[in-house]
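Chains here go by letter, A, B, C and D, matching the order in which they are written, and residues are numbered from 1 within each.
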Amino acid sequence: MNALIRQFGKPWVWSWLAAFIVWFLTIMVTGGAGTLGLSQAALTFAAFSVIVGIGQMFVITLGPGNIDLSVPATMTLAGTVALKLMNVENGMVLPGFLLAVFIGLGVGLCNYTLIKALRIPPIIATLSMSFVVQSGAIWTNRGLRIKPPSVLAEFTTTNTLGVPNVAIVAVLISILAWILLEKTIYGRWISAIGQSMPAARMAGIPVDGTRFVTYLFCAMLASISGYLLACFSGGAALNMGAEYLLMSIAVVVIGGTAVAGGDSNVPGIWGASLFMFLVVSMLNTYGLGAGIRLIMTGLIIISVIMLAGGRRGMR
Amino acid sequence: MTFRLSSDAIRLVIPALSLSLLLAAVFWLQPRAMSYIGLNLLFNLAVPIALATVAQMLVMAVNDLDLSMGAFVSFVACVTATFLRDAPAIGILILAGAVAAYAAIGVVIHLRNLPSIVVTLGMSFVWGGLAVLLLPAPGGQAPDWVRWLMTVKPPLAPMAIVASIIIAVIAHFIVKRSSLGVLIRGVGGNQRSVERAGWSIVAARATAYALAGLFAVLAGIALVGLTTSADANIALRYTLLSIAGVILGGGEFTGGRVSPIGAVIGALTLTLAGSFLSFLRISPDWQIGAQGAILIIVLALRLMLNRLERREKRR
Amino acid sequence: MASSMDDVAKAIIAVDGAKVSFGAVKALDGVTLRVMPGECVGLVGHNGAGKSTIVSVINGGLTPHHGIVTSDGERQERYGINAARDRGVRCVFQELSLCPNLSIVENTRLVHRTLGGFGWRLRAAKIIEKSLDAVFPGHGIDSGRTVGDLSIAERQMVEIALAFSDAGTPARLVILDEPTSSLDASLARQMLDHVRRFIAAGGSVIFISHILHEILETADRIVVMKDGRVVAERPARRFDHHGLVEAMGSVAKAETRQRPVRDQSATPVILSHQAAGIPFTARTGEIIGLAGLAGHGQTELLLALHAARSGNWLPQGNPLVTFVAGDRRLNGVFELWSILRNFSIASLGDMSRRGLVLEAGEKTRGTAWKERIEIRTPDLNNRILSLSGGNQQKVLFARALATRAPIVLMDDPMRGVDVGTKQEVYAIIREEAAAGRTFIWYSTEMDEVCLCDRVYVFREGRITAELGGDAVDEANIISASFEGTA
Amino acid sequence: DTSAKKIALSNNYAGNSWRQAMLTSWEKVTGEAVKAGIVASADAFTTAENQATEQAAQIQNMILQGYDAIVLNAASPTALNGAVKEACDAGITVVSFDGIVTEPCAWRIAVDFKEMGRSQVEYLSNKLPDGGNLLEIRGLAGVFVDDEISAGIHEGVKQFPQFKIAGSVHGDWAQDVAQKAVAGILPSLPDIVGVVTQGGDGYGAAQAIAATDRKMPIIVMGNREDELKWWKEQKDANGYETMSVSIAPGVSTLAFWVAQQILDGKEVKKDLVVPFLRIDQDNLEANLANTQAGGVANVEYTQEDAIKVIESAK
């Protein structure tokens, strides 16, 4: 019983509640006709936010000031380069994927090198890095859109048993992330570092190694998301990651992860990602202009955080 | 050795040195810049950035972070180019209301103990929406007095330099010399002890936010004075620029360690870095990347000098 | 307790029947306390007895759920921080509470709300310098310095001086909550002398400390608290050390001043380090003390030893050293976590398979250690902050001892721990040392240093003396701390 | 004689295929012009972020660098006026194109964006005389081009009242954003007969609609290669008919030649108009063949073209 109440005190409940309400309000308009379509679309697009959001969440869990702003550029570069390598050939799907992952790891490595070796605050280090990465994406093929191999295009845009394939991939990644976070030593370590870096160091945790792996992990998820998104939308575009800068941060915080670090949760990311997609759909459905739409989005974000709020935040 | 620089002074030496180095490099690349008009052209767009940076610094002084800075400055720019010109009384009222809204955000963040990142993220949508409502398409016109103010040609030094110095001095006085500044930085340093001395933290935070709002309003007005008209997206990048400026200027994310003079220098440095690059004539593919690289280099310089500072301290 | 209305009328502050609870914890359970002009009240009690809580009540920071506060004979209806300050109540809190980013002068400005107006910097500088000179003659602290640049002891000095400083409303009642915990003996002496002068001039002091001889020699009246109640209250001369410990309800184990002298020159050297001055070595099973005035390089040595023997990049299968922090808020506890997780974090490697934590194993071990060192909690899944400070410290000990590391580094870990708990921990340390663990122990308390087999004395960042065997005693250590190289 | 003159391109954004094609055309055409000694140099500059403030700084730097002419694709029609005025005052010729500026001292090579929007509805009215519901995909909120095209579309709907705009989303001129926005609004929309767009978003809309079981409406395309290719596939498979319209990225080269002509002392009217590039059912294949894979249908201009445009404006 107690445990149940504690669950309901958890912040991620709010993001799910908000997502559900918005979903309901949207399908109300059509009298329930578009329910399946809307739900599938929501799952599909939430999947991309979930994948980048999880990476961002791991980084944010590392404590105050940790954030990865290079996510959009990494997505773009990984998508661009992978599609260029695959060059519409079905046989190249795996090498393309590996290359995308490899690019993610490379960006993560550079990010942490800047943070550690040059002691640049992560927010600035990753921002600077994102400019360099974005340039790399431009340089590789100057924004030409190359089509994905047909199997990949097929896979990313279809459903299995009514559930979009990309959503299934995102669920698998979420489960992995949840296990990492809740069940492994590594998960304990990042949470400890997020609460207090000096204390973590004194407790014998390999702080640098853990942080390094976390930045790698985040960049790698961003590149996987970029790879999938490029295949899904029929080619990589230079601006395809742009949206995911604010999105990746928003889904983490709305999902109830403490911005002060040390406390994170995976289910909240799903709730928040669905919510972020549905809220735009709802406002579009009600035919509100861009101005009103923006204002409503802002107010809804603030209301959700106020409802879930009262948590300790450093900021 | 009896002479010892205070840590505050060393904090300033670093940004000042990077600015001078960069300026020397620019003069070397483009001797034409070494003139009254040249300096004005190099620095006049830094004036609104400097104001926004000071605003961001005030928020950072109380351990918060304002992600809505860019959207807010854009909003103010829209108000300035429309109401402030056509109906000054209403314009002033709107701007006063906006400052009050900033104070209210401070209060809400404090009372509900919310993470400022999320609340201001939400607010950035709100300000953006209001700006789009005001100016769905770019337009409006700067009030004449604003235009005059930003194009005035004072004797001896160009407007950009004079304005930067005035901003730095005023901000320094408010933040570093006045009792109010001590209180605001005290909240950032150790909120509990300030509370125990009988101060109202809510009031202190509200004041810091209101002051930030005021400086951001000035930034918006100055910006319109330079550009002559506004659009809803005009200053979006001020959010990251202002944060980078504070950091470049020796400020820190937490602990109330900020330096107003440093912040202004940081803003000038950032602006100058852009010019430096365009004088270098890099291939268009890598122009964006070079901006990242220069940020990294300037910050690496900061690290080098920080090491020096530590050695100084140990002595 | 007999309380005449007369007393209440004269008291600077009188608290009657104060009750405060935090959730299920009754921090104060009907406490009555009054402070007369010109007296020093000593307040003692085990960790979590409610001392800091009653201080918060007197200081106006906490409104009791029951009970009344009277000041100078007037009942205070709306008693708060500002009301208290107006009546001359000043407080040095248990944890350091200055703003590290501000200079000493600016901190002075914050503490004295009325100090504003043009030229406040000069006035504030004068006020704090005068007070520092009065409390710690020859302190050598420049009032323009940033607090973050000061050593812990210097910060504590500034805080104490601030409490005694006068900017319009003179201090009438100064509350000192464990003010000496980071001061070395000579600075503590200066402070206690000042307290006596302040009392003689008609001021009042509430003095809280776990170092009982300080209380016994400084206080006029001693109030003993236990579990949120006052259990004894007598003039100081009617207490002695033993009586005080007994009144606190701690198991008054006879303090083993008598240290079994162990000759360990034959056991193998497990660690050596080239520090400044005399080289540092440690042998298996030794308890090594680091002594000297506070802030003279002991902590730095511990940090260097820790940094040199632990990996920052790769997980260590068999770490050589483990660390018990003194400043638990800063580098000890993980505040969001349960007691169990706080305990297990350093030895997760032993409770996991292929990177996955085995929760059952973790729980068994946690319970075993809970029993072994008597952590007072109903449930290990409670948050660590639900424990009193002393019990939090025990968790940190358990964390370190549960690892396989043969060397335990301790950075003044008994700060603010009550006598009973200390005795328990000493016993554990001796037991573990006998089993072959090496302890390197920095302490600001002489009694603890004297428990060690061998002592290195520090002065100005260097090791200036090594004392072993029978040479380890108070007189030798003190003389070694003060002569030295300078 | 302009062989000693230096021309700069000030560009505010490089993040999509259209802009990349624009830069490539510039590089190609001006590179030859420089080699031929027609001008001394023609450097291209792009700001790191798509912001008027950054571009204003960039223009001010160009003033310092002593360029004789600045060819400008502006982030905002008005917010650069301050910087443009300073450039004019310094004796620099400013030619704006695509994203034009309103400052009177600058030249403008404009595309009639309103007409571009209106003509889409006109086309639809020919194909679908009965009318029906339309979905509008807009660009980036608060940007001049978005507002113009959208105004044109609404004008068109007024002119052909058998159409009704049933929904409107912002696709930010990006396929993936458009895809997401369309997928979100589709479930709540009635039957859609046509999708009016702004360029760079048609393929995204097609993808989103294909993912549902709706009948494919007529989607007006925006000259991107992937859009044309998709159209071709549909055309071959089921005779799908639509049209495609956009401004050609090569207009940067026209602006270059106009600037060169002005520097050469030619009398040029301040306002020039270039037609937008329209692709229809019959010339689809030809255009597709000329378009680089993943790029945008393009036209590059020569000096003669520029002279012709200048003459016809007189």
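Criterion: a residue touches a chain if its C-beta (ideal position, glycine included) is under 8 Å from a C-beta of that chain, and two chains touch if they have at least 3 such contacts.
The chain list, named the UniProt way, goes like this: A, B = ABC transporter permease; C = Sugar ABC transporter ATP-binding protein.
Because the structure is predicted, anything quoted here is derived from the model rather than measured.
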Among all other chains, pick the one whose mean CA position is farthest from the mean CA position of chain C.
D
Rounded to a whole Å, what is the gap between the Cα centroids of chain B and chain D?
35
Whole-Å separation of chain centres (CA-atom averages), chain A against chain B
30
On a C-alpha centroid basis, what's the spacing between chain A and chain C, in Å?
45
With chain centres defined as C-alpha means, what is the inter-centre distance between chain C and chain D in Å?
71
Could you check chain C for residues that touch two or more other chains and list them?
none
Going by residue number, chain D touches two or more other chains at 14, 23, 48, 141-142
Give me the residues of chain A that touch two or more other chains.
131, 134, 138, 142, 258, 290-291, 294
Which chain pairs here would you call touching?
A-B, A-C, A-D, B-C, B-D
Note which residues of chain C are touching chain B in the complex, please.
59, 61, 80-82, 85, 91, 93, 97-102, 106-107, 109-113, 115-116, 120-121, 144-146, 148-149
Chain B-touching residues of chain D, taken from the complex the two chains share
11, 14, 23, 27, 43-46, 48-49, 51-54, 56-58, 60-66, 76-83, 85-86, 140-144, 146-148
Across the complex, what residues on chain D touch chain A?
14-17, 19-21, 23-24, 48, 138, 141-142, 167-170, 172, 174-177, 179-181, 183-188, 203-204, 207-208, 210-212, 224-226, 292-295
Help me check something: in the complex, which residues belonging to chain B touch chain D?
30, 32-33, 38, 41-42, 44-45, 48-49, 131-132, 135-141, 223, 226-238, 271, 274-275, 278-279, 281, 284, 287-288, 291
If you look only at chain B, which of its residues touch chain C in the complex?
6-8, 177, 179, 182-183, 185-186, 188-190, 192-199, 255-257, 313
